[in-house]
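Below is the structure I would like to discuss, written out as structure tokens.
Each chain gets a letter, A, B, C, D, E and F, in the order it is written, and its residues are counted from 1.
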Amino acid sequence: MSRIDGRTPEQLRPVTIERAWSKHAEGSVLVSFGDTKVFCTASFTEGVPRWRKGSGEGWVTAEYSMLPRATNTRGDRESVRGKIGGRTHEISRLIGRSLRAVIDYKALGENTIVLDCDVLQADGGTRTAAITGAYVALADAIAWGQAKKHIKHGRTPLTGTVSAVSVGIVDGTPLLDLCYEEDVRADTDMNVVCTGDGRFVEVQGTAEAAPFDREELNALLDLATGGCADLTALQVDALAKTLGE
Amino acid sequence: MSRIDGRTPEQLRPVTIERAWSKHAEGSVLVSFGDTKVFCTASFTEGVPRWRKGSGEGWVTAEYSMLPRATNTRGDRESVRGKIGGRTHEISRLIGRSLRAVIDYKALGENTIVLDCDVLQADGGTRTAAITGAYVALADAIAWGQAKKHIKHGRTPLTGTVSAVSVGIVDGTPLLDLCYEEDVRADTDMNVVCTGDGRFVEVQGTAEAAPFDREELNALLDLATGGCADLTALQVDALAKTLGE
Amino acid sequence: MSRIDGRTPEQLRPVTIERAWSKHAEGSVLVSFGDTKVFCTASFTEGVPRWRKGSGEGWVTAEYSMLPRATNTRGDRESVRGKIGGRTHEISRLIGRSLRAVIDYKALGENTIVLDCDVLQADGGTRTAAITGAYVALADAIAWGQAKKHIKHGRTPLTGTVSAVSVGIVDGTPLLDLCYEEDVRADTDMNVVCTGDGRFVEVQGTAEAAPFDREELNALLDLATGGCADLTALQVDALAKTLGE
Amino acid sequence: MSRIDGRTPEQLRPVTIERAWSKHAEGSVLVSFGDTKVFCTASFTEGVPRWRKGSGEGWVTAEYSMLPRATNTRGDRESVRGKIGGRTHEISRLIGRSLRAVIDYKALGENTIVLDCDVLQADGGTRTAAITGAYVALADAIAWGQAKKHIKHGRTPLTGTVSAVSVGIVDGTPLLDLCYEEDVRADTDMNVVCTGDGRFVEVQGTAEAAPFDREELNALLDLATGGCADLTALQVDALAKTLGE
Amino acid sequence: MSRIDGRTPEQLRPVTIERAWSKHAEGSVLVSFGDTKVFCTASFTEGVPRWRKGSGEGWVTAEYSMLPRATNTRGDRESVRGKIGGRTHEISRLIGRSLRAVIDYKALGENTIVLDCDVLQADGGTRTAAITGAYVALADAIAWGQAKKHIKHGRTPLTGTVSAVSVGIVDGTPLLDLCYEEDVRADTDMNVVCTGDGRFVEVQGTAEAAPFDREELNALLDLATGGCADLTALQVDALAKTLGE
Amino acid sequence: MSRIDGRTPEQLRPVTIERAWSKHAEGSVLVSFGDTKVFCTASFTEGVPRWRKGSGEGWVTAEYSMLPRATNTRGDRESVRGKIGGRTHEISRLIGRSLRAVIDYKALGENTIVLDCDVLQADGGTRTAAITGAYVALADAIAWGQAKKHIKHGRTPLTGTVSAVSVGIVDGTPLLDLCYEEDVRADTDMNVVCTGDGRFVEVQGTAEAAPFDREELNALLDLATGGCADLTALQVDALAKTLGE
């Protein structure tokens, strides 16, 4: 079976990770997974929320949002509706948890990093692109905090790297990194977040149509761990470049 | 290793499912998983939301909420704060998706069933208790709709049964159906929703502390499918009783 | 004239007051007036709101809410609508004022007790059942505060007991403790809150259809004081039991 | 005992009722009870809310609000806070119920009248001044609707007149029409709404300090019915004038 | 060309400025520009918002609102809708900026003055009437603060006077101080805020229909500066009166 | 005097207008005025808001927003705060009015175009960049609507072009197109919106520090009309390119 865009089942879409996309943020990345484009900024501030003061530990959190016309038909702005939808809440929480999984709060010290992930264009996989890009922005913000001596601990606050990818079963075939057209046709949809050493941070599988069995679950997990390994390599490459070159 | 409450690792807490707990709702269940108590009502109404009118298909949705003092310290009411928190949104969506996985919309016809799951007392596993109890309330509401001839299709709208359980790794040991004390100490926390035939509807695993590997994931999935099988049997038993006896 | 449920005009519905219904709250009561069931919790916390700090005086407040399917047709959740309705506000304020009428703030000291009254099933008289049950939960929370030495004053913070009942004129006959069917047919509807010694804390009479005259008002007040006396006795009985028996 | 402003216990403050205070509204009144000034407009529109369409019956509702600096210290605007407080809700509902008590919905036909009562200056008794003034604005709006033939029924939609006054016990003495200084010192505070023929529409008594007994209640009701009779006469006088003179 | 109300193009409507309209506010003015009536109160409080504490400087801000029936058809209350509209925000900000243009924060000291401008009746030019009236209320509140020694600086905090007027091009003719009927027919609408010495604080011109050229703009500015000079004289007159006469 | 970035007083920053920046929107532009970058999408939908149905006329509206980290320090998301700030409202309204000034509603027919202007990076002049870029996106959306035959009228709905620029007086010198550093130091700040033929659509001048006189106003208007003429040329150039080249 050939995919809509000619990929093999275990192939990622073209992925780009552009750093320093904003002149203001301490870390900023424009990440694209094919036509999905997410702008991720990491804002570093000294101090922590009130409930964490005096703990000697830092905090990392995330907010996800879609621009109104990121999708094929325009959606209402959540600011205009006056409330945040369940999907937005859910993804913001997922991104935050995923990044905190590789943070050593003690090493970060009483500093806060907020990741903003704004989807400029959506074509499936916005949450996984957001996590993958936000990690790179986070790494840059931490480097900034170390350079500015706001992070005083000798140990790096990053305990590893983290990336994410979607997988799903379309017409009976497990596929990696679904684009929107594949996503709407998928029977099962799973988002997997892995650390660079191949362990799981999040596994979220949902039967969109028919329930899935253990064998299908295993096939999806195999695909996802492979995809995350590829993304990890791309993150490492992106961070290896000297900014300004 | 013995658990806090003396259970074995693969043992559920005492589970009770009381039907017809409300005189108003078409289906109503008080479900308890140990000290976790959730009141689930299923409200059947003819007609569907506007976006589904004329489709010939029904709709099932869910809302989850905690009473302010369901927990050890009182939480603010979301109605007083004027907005629903991310956790509430996330669980409401999970319950809705889980129940829709066993619904045949065509057989339901243009009728809507809303499941309200209000946690009266929380001690871990509120979302899994809610799904397990809500299924029973849903089945009763469907029977009501059939008896009242609002459901006209010959085929039952239920394509199967659904139940849910939490699993987690505590001090290196995979455990079934965590109570609150176990939950806060867990390294990994997973909620699994299964159909009665043992397939997966949702798998949501989160590394609370250290990431987990494939082997740990497999151990947790084994525990969860066993637990769901036990819950399925309890649901079947509860529904086998004639109401009013 | 015989009433719908066979009661005499001056007869209460069967009233039950179950204490210690929650393992978390300092006081908790499931109160029922016939088919009206309200779950009342009293949450005791040290400290007072900012505007009262340093006064040496405590604070007691209440929040009332209906579960969505407490009534015959499902109502929208106020948390989902994003605002609290006027009726909810009005009843929450009434409950708070009624309980504060028997509180000695100085004797309570700088402690706060919040009463949550959540209607699980409604069949008329939810606010009067809530007040009657909340008083018992309040008394338990105060006893807890004394046992834990958070209340240091020798004098008890309770200056009396408080209960409430509805009365109304249906087809020309004054009736005590209206159930829902009677309530919708009533020309006049009155809620009366009394202390245990028979004095009034609140008198709220409303002409639903025709205005009422002084004679009708007197007949209603007579019925209400009798009903409150009966409820006081039931409260005293409930509190006389040792918890755990 | 002489009152703060030299009145006898059963004396109203100077009351003025100025009609046609706005050029836009179908009925508009500036009412003052001493230094309490409330601007009441009655807006007449053809048609009724959706839930009442096709019933052949009209609707009357009210909204009450305080300007931020109506009181001695400035209060936050409810529009800025984004929610309406409990007190505002409660009073808006009271005004609406009070006016509906003298409306014949069938005679009004499918027309809606909204009463807006905005407190320009507060000195106690704002809700009772609002009801008293709003009745006059309502009568003018009804006359307008009849003149414009929007009200087609031969019978007048007004079944009587309605006015309201506050009473309270201050230092042991029952007093009529409390000003702010008396109100804050009152042990018991009661608002009474009467029809022109001396019957009760609403009786709302609250023990602010000590509970009150039946004898005190009777004394307050006597005072209130006298005060409402005086207000009725003032309403009749005001409405007897030809507008534009 | 003769105007609707017989004025010449460069003539203001009858303007009245009544001071001390409220017994509570430190400054209060009922201003009318023809049938447009705005109630302006100035609330003086010691202290400043948190972000300004310790600066030694004061703060002046404003809130504008329309009563629901200030206009020909009733508008929804913003408190009921739960949010403030763009127009209200825009005008509140304009009033605040205009008044701050004549304030010396250092001389005011750490005191705050809030101007509330509530439109009782609207007939065009509500924002310009509000600014013109609010200035007088502000001056009274400052005099109050000086008399009460809350303002300790020897220099007056007022660096000048400020007034505002609307101008527009109707049927090709530039007109001063548009009433509502003129406003809706205007091709261009401009609000101009001037200091007493004839300089500009705000110039806000909008092409409602066709864009306007430089010559038209100049004609409008000429009219506006003349109108503001007239308003300045009226403000000075109003403030020259001794209150209580 | 030399400017911070070496420009002459009457010189724009480098301006770029990239079309077709999104694959979903009917028109989309990334516009930059120096370091200010705004992403403008134009969403074309058949049909108009309810209040305009049956008029045969179309509608154009706009929403402006800043990404949280568009600025030097992170701002709260308006969706998270649950309300839109006054500044956002004000700018959204300005953009909408400016674009409607060049729209022939009849020629547009019953179609709606929504302009979303999201600031990705802010360095002064975000509203003027937004208007300038949104015009180009609007023109592309109209061309799309004509190509798709949704716009049926022979006449083009565009009656001209529109662009905008800021001007201000810094240290006594009138300057064109202020960057953020200049903006904060400006005594007077003015935003001017012009049509391509040099007439004014909006003139919004504000005295930030000292009021400005007529001569200064004239100098600013001269600068602004020159700047808008340059921007018009850039818009025409951008639209002259064939997309896809």
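Note that a contact is a pair of C-beta atoms (placed from the backbone, for glycine too) under 8 Å apart; a residue touches a chain by one contact, two chains touch by 3 or more.
All figures in this text were calculated on a predicted structure; none of them were measured in a lab.
Student: Treat touching chains as neighbours: how many steps, at the fewest, connect subunit C to subunit D?
Tutor: 1
Student: Looking at CA centres, what chain is most distant from subunit C?
Tutor: Relative to subunit C, the chain whose C-alpha centre sits farthest away is F.
Student: Counting contact pairs by residue number and requiring over half to coincide, which of B-C, A-F or A-B is equivalent to C-D?
Tutor: Interface equivalent to C-D, from the options B-C, A-F or A-B: A-B.
Student: Averaged over CA atoms, how far is the centre of subunit D from the centre of subunit E? Could you give it in whole Å?
Tutor: Centre-to-centre distance between subunit D and subunit E: 33 Å.
Student: Find the geometric centre of each of subunit B and subunit F from their Cα atoms only, then give the gap between the two centres in Å, rounded to an integer.
Tutor: Each chain's C-alpha centroid was found; their separation is 51 Å.
Student: Residues of subunit F that touch two or more other chains: which are they?
Tutor: Only 82-84 qualify.
Student: List, in order, the chains that make up the ring, beginning at subunit A and going on to subunit F.
Tutor: Read from subunit A toward subunit F, the cyclic arrangement is A, F, E, D, C, B.
Student: Within the complex, which stretch of subunit D touches subunit E?
Tutor: 22-25, 28, 35, 39, 41, 43, 45, 63, 65, 67-74, 77-80, 82-84, 88, 114, 116, 118, 120-123
Student: Using the touch definition up top, name the residues of subunit C that touch subunit D in the complex.
Tutor: Listed in rising order, the residues of subunit C that touch subunit D are 83-87, 89-90, 92-93, 97, 101, 160, 190, 194-195, 197-207, 210-214, 217, 221, 225.
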